[in-house]
Amino acid sequence: MLQPIHVSMASLNLITLSPMLVIIGGALLILIIDLIKKDLHKSLYVMLSILILFVDFGATLSLGINERGFFDVMLIDGVSVVSQLLILIASMLFVPLALTSKRFHEFSYPEFFALFLFMVAGFQFMVASDNLILIFIGLETASLALYTLIAMHNTPGSHEAAIKYFTMGALAAGFFVMGAAVLYGLTGAVELYDIAKVFQVRMAEPGISIPLIGGALLLMVAIGFKVSLMPFHLWTPDVYEGSSAPMAGYMSIVPKVAMMVVAMRILGLYVDMGVEAVRWMIIILAVVTMTLSNMMALVQEDVKRMLAYSSISHAGFVMAALALDTTKAYTSIFLYYGLFLFTNLGAFTMLWISRRKHPSHHDRYHHPYIKFSGLIHTAPMAAVIMAVFMLSLTGVPPFSLFWGKLYVISATVDAGYIWLAVVMGLNSAIAAYYYLKLIVYMFLKPPVQGVELIGANKSKPLVVIVGIAALFTTLSVFIIQPLLSYLTYMVSVSGY
Amino acid sequence: MENILSVLIFFPLVAAMLGFVVKKDSIRVYGITVAAIEFLLTLWLWFSFDTANGGFQFIEFVPLISDFGINYYLGVDGISLFIIVMAALMTLLGIVALGENIKDLKNMIITLLFLEVAMIGVFVSLDAIIFYLFWEFSLVPMLYIIGAWGGEKRLYAAIKFFIYTFAGSLIMLVGMLYIAYVYQSVAGVWSFSLTDWYALVLPISVQKWLFWAFFLGFAIKVPMFPFHTWLPYAHGQAPTVGSVILAAVLLKMGTYGFVRFSLPLFPDASVAYILPVAVIAIIMIIYTAMVAYAQKDMKQVIAYSSISHMGVIMLGVFAMNPEGITGSVFFMLSHGLVSGALFLLVGVIYDRRHTKMMSEFGGLASVMPKYAVIFGIILMASVGLPLTMGFVGEYLSLAGFFKVSPVLTLLGGFSIILGAVYMLSLYKKSFFGPVTKEENKKLHDLTGRELAALVPLVAIVIWLGIYPKPVLVPIDNSVKALVAFMDQKAQTPEAKRIIHVSRSTKEAK
Amino acid sequence: METLVYIALFAPLVGSLFAALFGMRPKTLWTGVVTSLLLFVSFLASAMLLKHVYTVGAVHAELMDWIVAGDMRVPFGFTVDEVTAVMMTVVTLVSTVVHIYSNGYMEHDKGFNRFFSYLSAFVFSMLVLVMSDNFLGLFIGWEGVGVCSWLLIGFWYHKPDVGRDVNPSISPSWAANEAFIMNRIADLGMLIGIFLIYWNVGSLNYQEFFAAVPQLSHGMLVLIGIMLFIGAMGKSAQFPLHTWLADAMEGPTPVSALIHAATMVTAGVYLVIRAHPLYSEIPEVSYFIAVLGTFVAIFAASMALVNRDLKRIIAYSTLSQLGYMFAAAGLGAYWVALFHLAAHAFFKALLFLGAGNVMHAMNDELDIFKMGGLKKVMRWTYTYMGVASLALAGIWPFAGFYSKDTILEAAFNEQSYGIWFVLWLTAGLTAFYSFRLVFLTFLSDERYKQYGFHPHEVQKYVLWAMFPLGLLAVIFGWWKEEFMAFVTRLLPAYEMSEHTEHMVWILIIVTMAIAIGGIVVAYIMYAKRLRRNERIEQSLPYRILSNQYYIPIFYEKAFAKPYAELSDIAWKEIDQQVVDATVDGIARVIEETGDGTRRMQTGNLSDYLKWMAAGALILAVLAIIVAMNH
Amino acid sequence: MIGLSHYLILSAILFSIGLVGVIRRRNLLMLFFATEIMLNAANIAFAALSSYMHDLSGQMFAFFIIAVAASEVAVGLGLLILLYKKYGSLDLDDYTMLRG
């Protein structure tokens, strides 16, 4: 016989929900506006979304650290705040990319923006909870929204991409819930902190390790799928190619950050308990991912696809840090993604600027290398900026990503995984080749027919975004210090 | 002017940025002026440098990422001082010597200025990460120079150069991070400052793998056998100015790294690995000298010859006594000037005939006497004739290493024979004998601009050959300090035995 | 006095630089004149220094520091003691003569100015060599003269390479490189010697080294001795590093006279004499030197017997005389070596200059078989060369007699009769080949007519310029006692034993006998007309001799060619096929792996899903493996 | 008497069936069904466990899974129709434009 439940408003601590409430409200608002008055210009929705995200940003900043709320399913610790901020920044940089000079019809639907905001909310839920249920819901909300957004790009590619992503996502979801079920079966709890407590007790039991690791394994598949670790990454290049460049750029960051946080919470728990099997699973996955995807990136003909593989490899790179289980390692993850965000989004935006309605230099690819050859002669500034992004991705100092790499590798070294650090180093060297390849095309090859139309899709907002990204990428060295200290604080207060 | 080092770094940087604005037709003058000012600044640095003091001077320290111990930390001592001066000089002469017919000169000059920033930066930074920053950044302009103005295989050469060096230095980076980690676990705070690291006494086992980690980074740059194969391509494809800078300055980064990092940080490991390093160095000396002799292309001869000479420098560095190390540092300078001059000279003939094949020439001495004379003088410097700059360095390096191992030195000494062999045969093939080719009959002799670039080099080469003291003494003071420091830091008896502190230092104690 | 030192030293340098200013211009007479004058100044200074040393004593001057590093401090220090003074005087005297002579000889050469620049530069280096007070300073001069000889041998650089059969020393530039490289080989030995001295003594200064000699272990001394001597062998073209000297005759004749007869080639002997405190400590090495010298003496003489090339014959005789000097030095009779060195400088220079005249007359024909009977047209030259040859043959009362004879006495005195006998034999050969040369050139039938030459005597002032040498070739020997008295202040006096004193007259007679014998034979064979005997010329010994024992060809086959081929292999096979291929191979492997892995990206969703499942499976296996290990 | 283990085994079997279906099936519709089966396998597990442990959160989870599954189907079918319009087939082998 169940007891009736009494809940006091105070104990709900609804403030913890405020960011999500804001953004969901915003999404609804957009839909309502659309209901009231049809076909308003997209710029309105863009600006509205930015404002909403901005408010959300403020709300997130105002959150107190290490609070729980809403039946204690919400967990507002440093990590969740940091990750939410990252997600919001990325989103704010993403939205303006809708304001292109060419017309891409997905942006003319207000639903696009509504969905986008729902997706962001979903990601925020993912990172702001340690309750498996909520994580799952957030994950699915975000994913479903994302599938739709991809599909809305409405090219043959985009549909195929969406369906691939969707199906694999469904499978991943299956794995996730099954893993959750195993954990639940072992501990009778769905809150990770409870689960942790019970594990502490039951670790000693004989034969426990099989279900223990089995559960981790199932969850790992789901995580691996989302952060695209080999061999669960296969959707990534296709989906990136199928979807619009900004969407691809967005996907290379936000979902991964969100899932990284979930991974930190779940796998981190295992690693923390010293389950070597899990630690090694992560390391091996990471190494395989960064190495093989690097090599696959070498042989791509399309820049976007190359960037897809490269972002896989970056994910693997960061994933390795997860296995180290040190504050520095966890901090490095956020630092890395913080820097990666600007560079990568910038790079994808450059592709977006160069986007035309139909592939110009290749029957299938929109952004084959050849398209950029001799860019330095026709659009020097564009070439230089793109080069800066590429060098940053390569990890050439003083550009932003170097500092990220530096910190990750340093964390690895501290944890005593010298060999891993070396592998990371060599991988960056391999990666250098395909980033250079683009630079070589832009700077060292003669111009091709139609390279002057590189700015086909150019528009002020896009240029501004690129400008911000480039500026950040070049001058990052000066903001590393504050960023680092902030992140270190946030991560350490969350007890990682 | 206490912050002159920052000025030296940022002046060319700013100048390069502003260069974008300058109109194409006046860019040459702009470039020359900027480079000249930079050179004068380095001279000023030299004259305001306290030669008696062996320690670091003009120190600048600005916290950059204090939580992670990365600081903007600059300083020079006798070892780096002259390399900086040389870097500025070679950039200046390189720009002066730029041919009329070179395409998009503007980009070239701006790139060179960026390159100069990186070069100066490497030699003045006392913070490992800042050092690494400049070290890596120097690859980018070089990549562009080789790739944009190079020969038909330029892309291959450029990428090979970049990736090869990049890979090596990343391993070095891991090493650096490990040292920083050790420092942090000892001192409690993060620091990448070289001077802090010097205080660190690493256990032998750690030293040993760290030594190889750094070795990889530096050896590829030097380049040491068997990591040298990028160099012939780079030189073969690069335009004249590219080769000049590459040979004169970029290669020195490697040997400088050994002196600045490997020796003081891992004295015991360095001593322990003298033999393998020396063997590699001797392979470089003899084997590459032979390869040089086999070349048909003038430029390749000089490219391989510089590998061979770098071998002698390596011997000097690992001599573990002031004579040798001072010699090797001095040899870095002389080799920089001499090989730079040689590449300029090859460039001269290449501009006229668009070929570098020795078989295409012969009897040039009759057609271009001035050219022949200057080439001859530089050539004699390169084979280490006394009273030219080449001799002092080579002699001291070998003399120093003789203390460590007479037999190996004897082998290393073959450089003076084999050097003569390939250099003289080059000279004979292209300058002596009758003028066979019709098109060579009416080649015009050196132009004013070429003379302006070459004569100063000849003058310096002879001046410092006859009176090297003003350069040797500051270097020597710093090196003595270095060796004394290594000696007191050394742990193994072997190291204690091999590292040889000069008498004068002992008396000073 | 220091000023005198510097005047003597730098006058030639000034001259050289002055001439260099006009190096690329066509002939300007006064470059020749100025340099000659400056040389004369240098000679005067040297003479005055000689007098000063004689009356007062050694002079020491230090210009400035050169190399200062670690504990090494090498200044530009100069010291003028007895030996140096003698060397300086000889060098500057001969050089002055050669300079004046060259004004005539190079008259029509378009490289006139360049020539004088080089020549004076050589004299400067030579003076540095003899005047320096430390080994590294000596090394400067050592290398300096090497370069100058490279420049001067290759003076006519524009001549093309030809086969050995046409010209045994392929081309001037080839000969120049050969000379330079061979010297480099020796220099390496010398350099090692210098290193040994530095690390054992801590200084390169002669005095400090000699002072330290007693403390050093015998083995070390031997090592140093050998290393320094290797250096000497190169410069003085001792076997096996001798081939370059004969080829060096490609240079203009005045050069041969100055560098490859009078001065540079004797540098090796000078070094041994200079380092006598060392060598007198290590008799075994000294004895080896003596033996080697003796061997070279006869070895070279034998090659001179059959050669037809005017200059090469003289070159071999030089080689053979150098052998004598080393023999003397090796036997400990240092002052005798020095004495012979000086005497030889005079008459050999004279001989070469005479040969120069002949060449001039025969417009650069060198084959003595094509000459003959030149006496009529070239009386003066004939006289000069006659005198020189008499001196060379060691006929009383010419200079050669005194010096050479003393060497023989010394050999006898040391009871090394083998050496004595060989040297004695050589004396005979020497007399023979030098007079074979003289007779075939000046006496006998006028063969040159059938080759259509129109010989003529050279300018008067040239002949006058040669006069001092001629005079000295005659009278220099008469100062034997004074010379000995003077130089033995520094060098160890060499005392003949009682026994030798008794034997001395017999020795002299025997020696004279064989010398005159040689001349007589030569006279019989060649004085009337050239007798050629096909059978002998085809005989093996003859061919061996005329091909210089096939040594140059052997060197070519055994060293030059293999080195070239090896280098080619090193480049093509090793550097490209192995080292570089590996690097590219790694890159290729990476790329191919990428291509391979790429295939898993089939684009077929079903495959992707399979992969996911497979991935889960792989992870499971992995987990089990790890769990097993922990 | 049917115990917890039976339920769990059942759910495991269902999960495996679903997985196999996902791997084997080439028809998109069938694929969806397979994934649904997997989700429901989880549901059974949750329900059984929660009743066994007298803890509601399991059932909560199950409910949410059902909800999510529903919405998934909604989106999925939407896409499916879209594709069917484009390609006129639901065979996976036809959607292989993006590859390599």
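Couple of notes before you dig in:
All chains are identified by letter, namely A, B, C and D, in their written order; residue positions are counted from 1 within each chain.
In the analysis below, a residue touches a chain if its C-beta (ideal position, glycine included) is under 8 Å from a C-beta of that chain, and two chains touch if they have at least 3 such contacts.
Model, not experiment: these values are computed from the prediction.
Separation of subunit A from subunit D in touch steps, taking the shortest path, is 1. Centrality by Cα centroid goes to chain B.
Set against the Cα centre of subunit A, the chain with the most distant centre is C.
Each of A-B and C-D has its own count of C-beta contacts, and the greater count is at A-B.
Inter-chain centre distance (subunit A to subunit B, centres taken as mean C-alpha positions): 44 Å.
Remark: subunit B and subunit D have CA centroids separated by 66 Å (rounded to whole angstrom).
Averaged C-alpha coordinates give centres for subunit C and subunit D that are 97 Å from one another. Per-chain Cα centroids separate subunit B from subunit C by 37 Å.
Multi-chain contact residues of subunit A (touching two or more other chains) are listed as 163-164, 167, 171, 175, 237-238. Shared interface positions of subunit C, defined as residues touching 2 or more other chains, are 598, 601, 603, 605, 609. For subunit B, residues that reach two or more other chains under the stated contact definition are 163.
Judged by the touch criterion defined above, the protein chains form a pattern that is neither an open path, a ring nor a star, and not fully connected either. Contacting chain pairs in the structure are A-B, A-C, A-D, B-C, C-D. Residues 590-591, 593-595, 597-598, 600-601, 603, 605, 607-609, 611-612, 614-616, 618-620, 622-623, 626-627, 629-630 of subunit C are the ones touching subunit A in the complex.
Subunit D meets subunit A in the complex at residues 8, 11, 15, 18-19, 22, 28, 31-32, 35, 38-39, 41-42, 45-46, 49-50, 53, 55-58, 60-61, 64-65, 68, 71-72, 75-76, 78-80, 82-83, 86, 95, 97-100. Residue ranges of subunit C in contact with subunit B, taken from their complex: 23-24, 64-72, 136, 139-140, 143-144, 147, 154, 157-161, 171, 173-174, 177, 180-181, 184-185, 187-188, 191-192, 194-196, 198-199, 202, 563-564, 566-568, 570-572, 574-575, 579-580, 582-583, 587. Per the touch definition, subunit A reaches subunit B in the complex via residues 391, 394, 396-398, 402-403, 406-407, 409-410, 413-414, 418, 421-422, 425-426, 428-429, 432-433, 436, 439-440, 443-444, 477, 480-481, 484-485, 488. Residues 160, 163-164, 225-226, 228-230, 287, 290-291, 293-295, 321-323, 326-327, 330, 363, 365-366, 369-370, 373, 380, 385-387, 391-392, 395-396, 398-400, 402-403, 406, 409-410, 413-414, 416-417, 420-421, 424-425, 428, 431-435, 466-469, 472-473, 475-476, 479-480, 502-504 of subunit B touch subunit C in their complex.
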